[in-house]
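Note that the chains take the letters A, B, C, D, E, F, G and H in the order they are written out, and that residue 1 is the start of every chain.
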Amino acid sequence: MQTREILSGVKSGEISIEEAERFFKKEPFLEFDFAKLDTHREIRQGFPEVVFCERKADAYLADIFQRLYERYGEVFGTRASKAQYELVKKVIPDIVYDEISGILKLEREKERIGNVVVCTAGTADIPVAEEAAQTAEYFGTKVTRIYDVGVSGLHRLLYKIEEIQKANCVIAAAGMEGALPSVIGGLVENPVIAVPTAVGYGVSAGGFTALLTMLSTCANGVSVVNIGNGYGAGYLATQINRLAERNRKVD
Amino acid sequence: MQTREILSGVKSGEISIEEAERFFKKEPFLEFDFAKLDTHREIRQGFPEVVFCERKADAYLADIFQRLYERYGEVFGTRASKAQYELVKKVIPDIVYDEISGILKLEREKERIGNVVVCTAGTADIPVAEEAAQTAEYFGTKVTRIYDVGVSGLHRLLYKIEEIQKANCVIAAAGMEGALPSVIGGLVENPVIAVPTAVGYGVSAGGFTALLTMLSTCANGVSVVNIGNGYGAGYLATQINRLAERNRKVD
Amino acid sequence: MQTREILSGVKSGEISIEEAERFFKKEPFLEFDFAKLDTHREIRQGFPEVVFCERKADAYLADIFQRLYERYGEVFGTRASKAQYELVKKVIPDIVYDEISGILKLEREKERIGNVVVCTAGTADIPVAEEAAQTAEYFGTKVTRIYDVGVSGLHRLLYKIEEIQKANCVIAAAGMEGALPSVIGGLVENPVIAVPTAVGYGVSAGGFTALLTMLSTCANGVSVVNIGNGYGAGYLATQINRLAERNRKVD
Amino acid sequence: MQTREILSGVKSGEISIEEAERFFKKEPFLEFDFAKLDTHREIRQGFPEVVFCERKADAYLADIFQRLYERYGEVFGTRASKAQYELVKKVIPDIVYDEISGILKLEREKERIGNVVVCTAGTADIPVAEEAAQTAEYFGTKVTRIYDVGVSGLHRLLYKIEEIQKANCVIAAAGMEGALPSVIGGLVENPVIAVPTAVGYGVSAGGFTALLTMLSTCANGVSVVNIGNGYGAGYLATQINRLAERNRKVD
Amino acid sequence: MQTREILSGVKSGEISIEEAERFFKKEPFLEFDFAKLDTHREIRQGFPEVVFCERKADAYLADIFQRLYERYGEVFGTRASKAQYELVKKVIPDIVYDEISGILKLEREKERIGNVVVCTAGTADIPVAEEAAQTAEYFGTKVTRIYDVGVSGLHRLLYKIEEIQKANCVIAAAGMEGALPSVIGGLVENPVIAVPTAVGYGVSAGGFTALLTMLSTCANGVSVVNIGNGYGAGYLATQINRLAERNRKVD
Amino acid sequence: MQTREILSGVKSGEISIEEAERFFKKEPFLEFDFAKLDTHREIRQGFPEVVFCERKADAYLADIFQRLYERYGEVFGTRASKAQYELVKKVIPDIVYDEISGILKLEREKERIGNVVVCTAGTADIPVAEEAAQTAEYFGTKVTRIYDVGVSGLHRLLYKIEEIQKANCVIAAAGMEGALPSVIGGLVENPVIAVPTAVGYGVSAGGFTALLTMLSTCANGVSVVNIGNGYGAGYLATQINRLAERNRKVD
Amino acid sequence: MQTREILSGVKSGEISIEEAERFFKKEPFLEFDFAKLDTHREIRQGFPEVVFCERKADAYLADIFQRLYERYGEVFGTRASKAQYELVKKVIPDIVYDEISGILKLEREKERIGNVVVCTAGTADIPVAEEAAQTAEYFGTKVTRIYDVGVSGLHRLLYKIEEIQKANCVIAAAGMEGALPSVIGGLVENPVIAVPTAVGYGVSAGGFTALLTMLSTCANGVSVVNIGNGYGAGYLATQINRLAERNRKVD
Amino acid sequence: MQTREILSGVKSGEISIEEAERFFKKEPFLEFDFAKLDTHREIRQGFPEVVFCERKADAYLADIFQRLYERYGEVFGTRASKAQYELVKKVIPDIVYDEISGILKLEREKERIGNVVVCTAGTADIPVAEEAAQTAEYFGTKVTRIYDVGVSGLHRLLYKIEEIQKANCVIAAAGMEGALPSVIGGLVENPVIAVPTAVGYGVSAGGFTALLTMLSTCANGVSVVNIGNGYGAGYLATQINRLAERNRKVD
């Protein structure tokens, strides 16, 4: 449809060739020396670009934060080191760093909607869970945290189950044997996003066992993201939550 | 809350001890000779139990189908063999078998809601995609199929992209290098459920490469289910679609 | 101690050199053409030798069964095929074959002691569970079977939990994500023997995921045997049960 | 049974609704800021909670030790670093740290019962063996240590075999090819708990080879815990030892 | 460039909106019931579409062969079974089937250019080598076959080395330890395409060892394709050979 | 042929026995204390020896650089550390070190020919890409860099596609899911050399997922080198580019 | 040395150019249609070529057997199927087939020297052990078989240990946990060749666990060949035995 | 035999019960606090115990060196760190440390016999090769070193081949693709011991690829030891060399 309309516009002269060319070539990104920041994403997906700080060269990290901050009035980075925080602080003095999750952000106040629950099996899974929770919050989602409810002491989970059942979407982060999403998946009616964490030793070191467990789940409605990918879980939870709330807002 | 109400009911005599015991012990399942059919799921999750036919003993397969059919007026099984179809046909003559997906079902007419798109990279991924699509349809979801749009001939995908972008949720099934969900994930705003398939040879035989690719995706909003788990993808898509449509229905 | 006593016996003439030589060389096995049946095990470990039928050459399978039967008045084989059953039947007409577990046995009546519970997550895990249960029974253990109580429908397990908690030892067989032993391990006070089964598809095919899950368990008191090793679980459960009951019998 | 009794108590007024609610909701855990200490375990399993120190945040490690110490009059942590020891020492000055095993404990004097033997193949396996031995001792088990008796110099093991055969349960820790539990398993009548260690280089680095060997054992009565899981082995040995001794104590 | 020209054409009226739309939407594929044949590839890459027969449904295999044959006057399929040959023969009676390589083709006479050498380590690698050789020939490449020159009898390779050194590109197929491409890579000046084959047993079964060896090569100019991917090697060799010969043809 | 000529020369006395012996024994290498520098390579393959600096002992690294520099008037090392740079600088003061790629070189001015494009999926892949680009340049190839065009923001790649399509050969470096070479392979007509990088976390850490994806590609004309092997990709691209240009130079 | 002598011979006319050329080109192999039989091996290594029958095409298998038989007066093939036996029997009616090991041979009478012991852990390892034993015998080695002496019943091994200690070389074949070579390696003074077999199930299926165990052995003097490579073990044992006996024969 | 003789001695009084007991119990080891030094090995295998220094606790390392030195007049340790050298030096001031191989030794002068060749593919493999060479020398073997003769520059190997062919046994250490032992194995008549090294990056990092290649070799007479196990290779080479020379010494 859109293609035809632009072509008609070109034919009629309403749209210049340059404008149309820009459309067909799909250019909207910020060209840095090396990087190409995907500013088009906001139009395409409804969310601004976020910075994955790990391995980003010092040479342009602060620059990226500053440009995004100027563009959006807020900025959000994941997997930042303390050294990176010091670096960015020089150009954005109000930037906030959370050592547990490695999140580096300056967030505008915003109304948050819906209801996403983030659970962990143990306390060591909290860094990943916080990455998920804060990502979802940054994208405008209301989040409830329920931590340390792993399956080896099932009564802790059962004590909280009604609260969990009310969520539009549950994020469950677990390392070791990674059984938490299976058990939650069997008890709730909405989607469960399973996030394996690298917590464990021996065969569970690195998170592969938890990953395999989660993929093998016999519970319904459970899908999985990469080991430690709290950001991905928070993003997906936001998408689901947004869909769940989209017509409600009309009320 | 509920716990307190039941206890109050017991105290006041409104609820008998047997009833309360039944609640606390949470019994509602059909006890077969060996199996325990989870009839409680419908209450807990809003969907009836479905039959995973693979490895089910002949001795009680037909019996399970019949009991579920009597209870729900419809019945749905996945990964059925032709021999299992013949078996079930004896007790439910109208049962329908789809050789490509291995689905064995007798479905009530029902209104389907929302919009889920199911894509495949190649034609060999269709069995898994059909398992996903028919599962979603069985649970009341409107499904659009867009098959054979893998990344080695990108123009085929781009030709269909606007249709894909309209979905509440996209299921993308792919074997080989499994890159399809990454590319779609970068182009849509709603969740993408990635389903690796066992299609491939050499290092991609069995679906592990596709699985790893999908978990590693740098695109946002993509989560993954087990290799070949079309059922799981269809179920999850239904959950998301149901959330997306839940307030719309009030209109 | 024993060494010194034998040597003293030799010195004094009470024990002949041949007898002593036999002791030090530790010979008591039945030498077949190729095999060496470990008849010494009964003395060393308290249980007669059992036949692992898989891959046993037809040429001497029946012979082994017959010799053991003659020696012990009963005989027990695991992983037997139907063809092997036909073979053995010719020499031991009363031999009994259980197609589900592949057990081929002729068992003397015996009193069974104690209490071992054998659980499965699903119905497809029953063959392995039966191998475990029947092994334990053959070695004189009282066994309770509680099948199809996997974690995706937790209420089924909770309904049976008190019965499970009474066991001297619990065997928990599960494929797929293999979470059952973790959950049971958190709820009982006696040992749990986890048996991964090959049940599953995609990443759980073959039983490796279940194995890894069980090894990674954060529950206490759980140990693991090889994938599908029902025999090993039944044997170990018998050892534990025997220890638990040994002083009771004095009463 | 218990359920019915509580409900009857509620009906008759003997048990208040709050008390019953507490039972059905199964709350007994200590809620920290993030963690939920499972104080219910002592009732459920007969052992107090133990602290897995690895990755525990400094912020609340000392606090956990102190609270558990106040509750039980003793406290036991595994995989503690020297830095963690310094931290805890500030609140519990008498705490004792064992650098080899990483155990951090303050133990009440107690009578120890039964007989568990802990073996190692080499001297490098001792840290794991000590974790096992000290765990078992903490839970009240009498432990005999027999170290450096690996299969490459079989005479060392044979020299000690009679002592090993007397144990209610044997823990065998080994890295490299991990053959020790197989050989012991063939020579004793009680259970053998195999603990793979990360000792080795090349294909045995990390302990996977030892793990696979132990799972593959052709000896009877051998079960396996995670690589380096001395704690799990010590706990399980205690359970078995306790069962073996339970009626003896009546004498 | 092209984009701007088309837009100018639209503006000037030289190009109709429909034509331009077709360009921007990039449609040129044959839509079957399920499949989308990429007929655009010939324009994009200079080669017609080829049929990967494995797993292609019988329902439309013959149809695909026929349509491609009609379009190009020749047709080429890889990994065809004998049964598929029988099927296609009904619609293209002159189709030729090579049982060793599984190639099913009807080839127009054509002049072949350049010089590609295809080597194998053993005779069991010939099926893969033939897939490579015949693919290259189908695409117009002159091919020399030098088979059974593996490194365990190095003199056989050295005897042929001058012939190998003359090629524009060498394809080296090997299973087992896969060392052939390393040795050739050290002796020639043009690219070597390494094709691991599934030939081998034990650790080399399935071709993974050969694959890893080839990727690890310390020789220069060696790149690798998937296990058994003779087609890919033949295609790539053709591309390189075509580049090597492109200006020569002007002579 | 050559063999016969030398033998004839020996017979006729034109060639001395020593000279012939030298030929048949194929000696031309520089013997160091430990190493044997392959100076014959230039004759055999047309390129001088390059230094792989990683793990090279300090004792003779500078010596190797100096000898090669004396022989060729230029010298090129890969994977050099900063410490190695300091070492070599003492003997070759003008040596140039590039911290990003780890390349340590002193390059003669030279005319570069042809056209190789080097792409990356993200900015973290640039070190590997630079190793490839600078290697190709050192061997006389004209290189165009197009970085940060990964598939999650496809429009960035499409914007540059025409430039990519003009190359004699494309090098595509990617970590994470490694899908970039598949997408490029479907859009260009010349060879694509896929270089997996270790960029990623969870299942993509280390580069194995990217490697498997690239090997599994359903696109044509893609071959793969070892993870992080920028040097190998640059060398191979040079070979292909040289073949593509060899007849053009005659013009 | 040899090189110089031949060149001198050429110069002096004692050796013709053709002869010398043949030497330097190293041609002595039998060129079949596809295969190149390495008849040079006998000169190079002292043993005639042996036929690896698995995957050999029917088209030339019998031909190879016949040619080798004609050349050497005996012939030896491994991994032959019964069907291959039937095929070869047509051209060599006296050929002998051993179903257990898959060996197909016609052997000249010969004196056998030295002493090699072949052990197995179980009866299922006998096929591999027989391949080893018969290979060694074919190459002129005296072999003693000691089967079914695995470590789970150690007394069986100890009973035979003196016989084993007398061998020039011990071959130990084992599947499952593969601990036999470690135990033997600790008890003998001559080399032990460990052969993993595919015997086992669960984690030991396929022989990888046994392989890893054997490679990880802490015993001295143990080296390993590929899973199931009885031929390789028999060949190597022959080499060692031949060295051990070489000067003795002078007596 | 020996058993009977000792028993007869006991009976006749020639041998005391204590002496006999000592024989049957097989005690000869040095009991340290934790370790049990296998001094019996010298009798059993003809070589004194050697110290594997890695992971040995500082507390008793020097003590072990000293005791062995006192017993044998020489002492040999592998995988020692520089810190361990400093430690041992305090008790044995003349101890010699080789930083490249990590060997820590004080060696008596001794005559060395026979001929073992140690080869490496590259210079980075030298540490492992030196461990092998010096081990063999310590045990009395004459060793020739031929380093940096990998297959990518085959002429270097061919130049040295006659020297290699003269060895009683060849040790070939290689990382990367590990093809060197295959090529050597095809050219010599005596055993080749393949030692994979951890040299490499990407898929060859850690030495697994080299290991798999060596196990898969199609050459005869090649066996493999663990990655980096130079000691094992040197020990085995010594055994073979000793057998090869044993009758020669009589001359």
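Basically, a contact is a pair of C-beta atoms (placed from the backbone, for glycine too) under 8 Å apart; a residue touches a chain by one contact, two chains touch by 3 or more.
Predicted model only: the values in this text are computed from it and were never measured.
Matching CA atoms, the turn from subunit B to subunit H amounts to 180°, rounded to the nearest 5.
Chain pairs B-F and B-C differ in how many C-beta pairs are in contact, and the one with more is B-F.
Distance between subunit A and subunit E, defined via averaged C-alpha coordinates, is recorded as 42 Å. The geometric centre of subunit A is 49 Å away from that of subunit C, both derived from CA atoms. Averaged Cα coordinates give subunit B a centre that lies 54 Å from the centre of subunit G. For subunit B, residues that reach two or more other chains under the stated contact definition are 25, 152-153, 186-187, 202-204, 208, 211, 215-217, 220, 226-227. The list of touching chain pairs reads A-B, A-C, A-D, A-E, A-F, B-C, B-D, B-E, B-F, C-D, C-G, C-H, D-G, D-H, E-F, E-G, E-H, F-G, F-H, G-H. Interface residues of subunit B, counted against subunit D in their complex, comprise 3-4, 7-8, 10-11, 13, 17, 20-21, 24-25. Within the complex formed with subunit E, the residues of subunit F that make contact are 1-2, 44-47, 162, 168-169, 186-191, 193, 211, 215-217, 220-227, 232, 235-236, 239-240, 243-244, 246-248, 250-251. Considering their complex, residues 100, 123-124, 126, 147-149, 152-153, 155-156, 158-159, 199, 201-204 of subunit A touch subunit D.
Subunit E makes touch with subunit B in their complex at residues 25-29, 34-36, 38, 40-41, 54-57, 196, 198, 207-208, 211, 226-229. The residues of subunit E lying in touch with subunit H in their complex are 121-122, 150-154, 176-179, 182-183, 185-187, 200, 202-204, 208-210, 212-220.
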